[in-house]
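The same chain A turns up in both complexes below, where it pairs with chain B and then with chain C.
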Partner chain A sequence: MVGAGSAAGAALPGERVRISRLTRMLESEKLLAAALLAPGVVILVLFIAYPFVMAIWFSLTSIRVGDAGEFVGLANFTKAWSDTIFQVAFKNTVFYTFWATIFKFALGMWLALLLNRHFRFKRLIRASMLLPFIIPTVLSAFAWRWMFDPTFSVMNWLLFHSGVITDRLPFLSDGDWAMWCAVLVNTWRGMPFFAITLLAGLQTISPDLHEAAALDGANAWHRFWHVTWPLLMPVTLVVVVFSVIQTFSDFQLIYVLTGGGPANSTHLIATYAYQIGVASGLLGEGAALSLFMFPVLFAVVWVQLRFMKRMEGH
Partner chain B sequence: MANVTIRNLNKKYDGGFHAVKDVNLEIRDKEFVVLVGPSGCGKTTTLRMVAGLEEITSGEILIGTRVINDLPPMDRDIAMVFQNYALYPHKSVYQNMAFGLQMRKYPKDEIEKRVREAADILGIGPLLERKPRQLSGGQRQRVAVGRAIVRHPQVFLFDEPLSNLDAMLRVQMRVELKRLHERLETTAIYVTHDQVEAMTLGDRVVVMKDGWVQQVGEPLELYGKPANKFVAGFIGSPAMNFVGVAITDLGGVLWADAEGLRLKVPPQMAERVRAHAGKRITLGVRPEALHPATGSDHADYSFDTAVDVVEPLGNEILVNFRAGGAPMVARVDPAVRVKAHQAIRVALDPERVYFFDEKSGAAI
Partner chain C sequence: MKRRKFLKASGAGIAATGLAGILAAYRAPVFAQANTIHILRWNDFVPAADKVLREVFAPEVEKALGIKLNVETVNANDIPARATAAIQSGSGPDIIMLLNNNPQLYAAGGVDVSDIAGEVGKSQGGIYGLPTSMCTVGGKWVAMPWATVPALISYRKSWFDEIGVKEFPKTWAAYHAAGKKLKAAKRPIGQTLGHTFGDAPTFAYPMMWSYGGQEIDAKGKVVIDSKETVESVRFMTQFWKDAHDEGGFAWDDSNNNRAFLSGDICATLNGASIYVAALNGADKFKTDKGAPLHTDILHAPLPSGPKGTFPYHTAFTHMVMKYSKNVKGAKEFLRWAHTPANYEKWIVVQKGFAVAPTSQWEKHKMWDVDPVMAPFRTAGRGGRHMGFAGAPGQKAAEAWNKYIIVDMYAQAASGKMKPEESVKWAAGELAKIYK
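Right after this comes the complex of A and B.
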């Protein structure tokens, strides 16, 4: 209080009282905590809690654009459950998440192990590797769509003229092909995140441990399996879960690359929910569709938290 | 037979830094050799080259009669204890110690037997199921040593293994390591920057500086007959006192002169010092060779000064003063009563005076 008093010494008497009262209030730990937390809480409530609660409410009504609708209970959910396109979209989402995560993880790990070595221009290459990650998804998805274009595909052109193929490949015009193309683009885009995060994890592992293992008679594979892999596990868990959440709820990439086509064969839950809820204006049904993601992602996070807790216990 | 031979060993890093220069060393079977020197002297690099963790620029390393330059670490039949222990944090103590044997495909019961045996020797039997993080620094140190001894290697390498321990524990572990070596009789190379550790553990000590070997010898040999000024100053605590002196020849008697100080060159040194008459050289005298003068001390080996600081350590007193323009320390009996700023007459033991070439630092 002495400090506050002397600092305010030059101010008018009235002001001095005001400052010291505010200072005194902030001396209280409870009030200070509340003051510091308030902005964060407001943002969370406005931009996460409110939309989430609204979505739940919408999903229980027959609201559509221009019509407030009425309470319909779980009708939207039962309708979605028996909707064949939704069933396809759900399977697609699982397929897309599963394979993209596996590829991103495997390639990201490989890249991280490479980048963890000493070589020339290390920093430059590490930095440039992040490019796919920092280019806006919409932009890079457009570039990929152009490369997969039925008529102008540069990849078809290359493969065709180098004699590898005789018929042009139906990159985005065949349902299965299109799904794998989406997995490829997602892998390309998400791999740097895996690589950079795993690289950060690798760098926390003391080189002494590898040297000790080498002296213990472990070859490169044993060193990876007995030293790197277990010590990287906490980082791996976080990055995999993070990626699963991102991929499972992906929207932009599919929206730009295929728009869910051909014939709804590449819809994910998010793109299908958008089509129903926003493009078709059936807000209630769209909300119900998108909420199907919630229990799955909740389960993923729950399992991860359990696992991390168990690892900390060890 | 596991003698280690190092011939003309050199290490140059890519940046051009020459870390190890022409090191030659013959380590006998069952010998405990300590590499000691200030940081950056090349001792650890030398050890790591023996371990195979650092590439050899030129020269040869042999274990027994086998050149191991190009053998990977695992094929060298050595075990190393790291400064920070390098225990696998996710493995239990047992698994840490067993890992090297598992990698070498030893049968399970043999592994079990060796781990238990090592754990008994080191007194860590009850800790085998614990993880490293649940251990104290001293216990981790034991596990690291245990991991090395279960392998029954031909050579043990120690890279400053005690420097992360607190002072008490360090003294205790020092004794245990010495006892362990007497029991196992395995050739050992031990790196430290602590000269006390070097002197107490080593059968022989290798003093290094700037990549060069300064002197190789038994501990008391290094203390008694240092090859140069660096070794003289490095071995012994407090360090040897040095004063720059001019040698003058007065009618056949040599005198060492410095600012306000005139000492007779002891007769046993006179012959060697005579060549430096008229030149400046460095006089060295250990703190334990200085004492407050009494009537029986010869005037030629005494001088007057004033006490600067007194450090009573209990078993001895360190008396700081200046002589010949240089700071000096005398290590005296605790019964001696001296106070700061008090005038004092100090005598030195003429049998224990050293002279060093001013430029090269070589002992005269």
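Right after this comes the complex of A and C.
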């Protein structure tokens, strides 16, 4: 304060005018808001907008590794659309997102309702439940891959020695099995996010409402359906939006668990775009493939946000 | 006064360290431009070889040339991604080890190493045909062949003996018959048909060629949709069902090693890494009768199809990157590493898993030590390139990176498609590349 005061005191008349102009500018709410938002906008432009614009530009060119290529218009998009592996990857992405989100939501809700009760070691259990979410995906996917190993799977070993199976189960070596294994691992990893967020939502609901409903004769299901669920809906929608975005653009889990195999049966858009763009060096085609995610995610988010807005209106 | 004293003293210090001279020359001081070479390679299946690079090559090349060698190793399947990122960003390792025909894909990112290839080839009996085709573009060497890992079948001799097969099958039909019996005895053949750099293409391409199938003709026209290819896929589908461990669809290059060493499979197409591991771990890896496992392992070439046998061996090459700020040092290092006295230190610990790219090394005394390794001695001579009978260029590399030939077999063997459909699918995918 002393320094600032003495500096201001020592300032020349011209500088004093400038300082007072700056103060006046900062007193304007609009300008202050702009100044405070600027760092965030710069980060967004540098790390989100710039790569996004570059991806659009790449997708319109024949750029490949070490060769800038030339403008090809929508050729990369039309090629991708007729690509049978991409078609499989697109269907897989929708399937994977749909089922993983359903399971994460159902199990997350169930877990949140359980954790909302009072029991011993409640805090410890709530904290430990977050472990799958905290462990880096690459590490947990590796651990699952070992558990599903075609030859040395501990699951097969357990099931075989407990007499449940007589032959190994093809966890990752059959396309359908591998896809469901991926859904399972994604559910295991993402369920805590649902549970903890829904739990936070549950704790904002006043117990008085439940008591009043109970006094009116509502059973547990009725209390959930008519009291808890409507009040939890906004939180649920936010969690589902986040989850759909993360699951639809998932890469790490599939890359480590199956690499998109066997025979492309578990490729997602992100893993296939990586194989084409990065591993094969066809950057333009890879960018076009990855951009197919954008309209789908945009539509999902738009519909859900509109729904939320309508709910808020009510 | 104190500040003045400090400035005076630091000024004297700067003068003593020659900052004025450095500034005048517009160059960083020598110690800041240390002659460092960053080389990116795979995690060698023979770990002792990586140890030689770090513990023998690094100190020796520093002593000999003043080059500080920084060796980084990663999973081989991750190298293409690293190479793409490095070339596009214009920064990364000075030398990148590339696999198979990837030098064709990254040709624009590598410097001309024809001088080194010329010297090494001339003084060491000539570079084999397969690595030559992988590393040359328009007669220019864009990468320097370092080694080749020949793919031969490692098999359990006693298990084949037990079913009355005293000599390893010479045809696919005979191998099928033997494999069927062995699978019935819970000793299947192990083979990956997954997305992995080595064992999958080294099996799938030769299988196609042995029946007379090929991706393209000499003019670059896609000819894969032929009765020969369909026949090979049909055979593989039945062969897989009757004789193979069906977990192979999800295997990478290391799964068959583990399955063989644990006694789960009777045979597998591989480099010699299984035998080398069994040899190094004689106390750990045993047969069911308690003998060291390596005493029950032999090697054989792939069986013949109706048109013969045409192997494919995995080439390992070094590309000196154009963006490197020390191209001269990188080339000096490669030249030094290929000097017989230095290269020998690396190649002998491979014990035949990797063979040199030049014929002179066939005469090395290491081949007299172990007769089990004898089939690897001259294996480097053979081999077709992917994209045969066309050029081994960028398009062939793209087809490999998309695993089109591997998937053609995997889709049929898994029952996902009929053999004819799978071949048609492959033809469609290749047509998009060779348009």
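Basically, the second predicted complex is superposed on the first by the 282 of 314 C-alpha atoms of A that agree within 3 Å, B and C clash if a C-alpha of one lies under 4 Å from a C-alpha of the other, contacts with A are read in each partner's own complex, and residues count from 1 in each chain.
Just so we're on the same page, a contact is a pair of C-beta atoms (placed from the backbone, for glycine too) under 8 Å apart; a residue touches a chain by one contact, two chains touch by 3 or more.
Owing to the predicted nature of the structure, the values given are computational and were not obtained by experimental measurement.
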item: Clash or fit, chain B versus chain C on superposed chain A; value: fit
item: Contacts of A:Pro295 with chain B and chain C, given as first, second, both or neither; value: neither
item: Which of chain B and chain C A:Pro262 touches, first, second, both or neither; value: second
item: Contacts of A:Asp174 with chain B and chain C, given as first, second, both or neither; value: second
item: Partner chain in contact with A:Thr151 - chain B first, chain C second, else both or neither; value: second
item: Vertex chain A angle, Cα centres of chain C and chain B, expressed to the nearest 10 degrees; value: 150
item: Which of chain B and chain C A:Ala213 touches, first, second, both or neither; value: first
item: Partner chain(s) touched by A:Gln275 [first = chain B, second = chain C, both, neither]; value: second
item: Chain B versus chain C, judged by how many residues of chain A each one touches; value: C
item: Distance in angstrom between the closest Cα atoms of chain C and chain B, superposition on A; value: 51
item: Contact residues common to both interfaces of chain A (with chain B and with chain C); value: none
item: Residues of chain B touching chain A in the complex; value: 51-53, 72-74, 78-80, 82, 84, 86, 88-90, 99-100, 103-104, 131, 147, 151
item: Chain C - residues contacting chain A, complex; value: 77, 80-81, 83-85, 87-88, 105-109, 193-196, 245-252, 255, 258-259, 262, 264, 398, 401-402, 407, 410-411, 414, 416, 425, 428-429, 432
item: Sites on chain A touched by chain B in the complex; value: 206, 208-209, 211-219, 222, 226-227, 230-231, 314
item: Chain A - residues contacting chain C, complex; value: 65-67, 79, 83-85, 149-152, 168, 170-175, 178, 258-265, 274-283
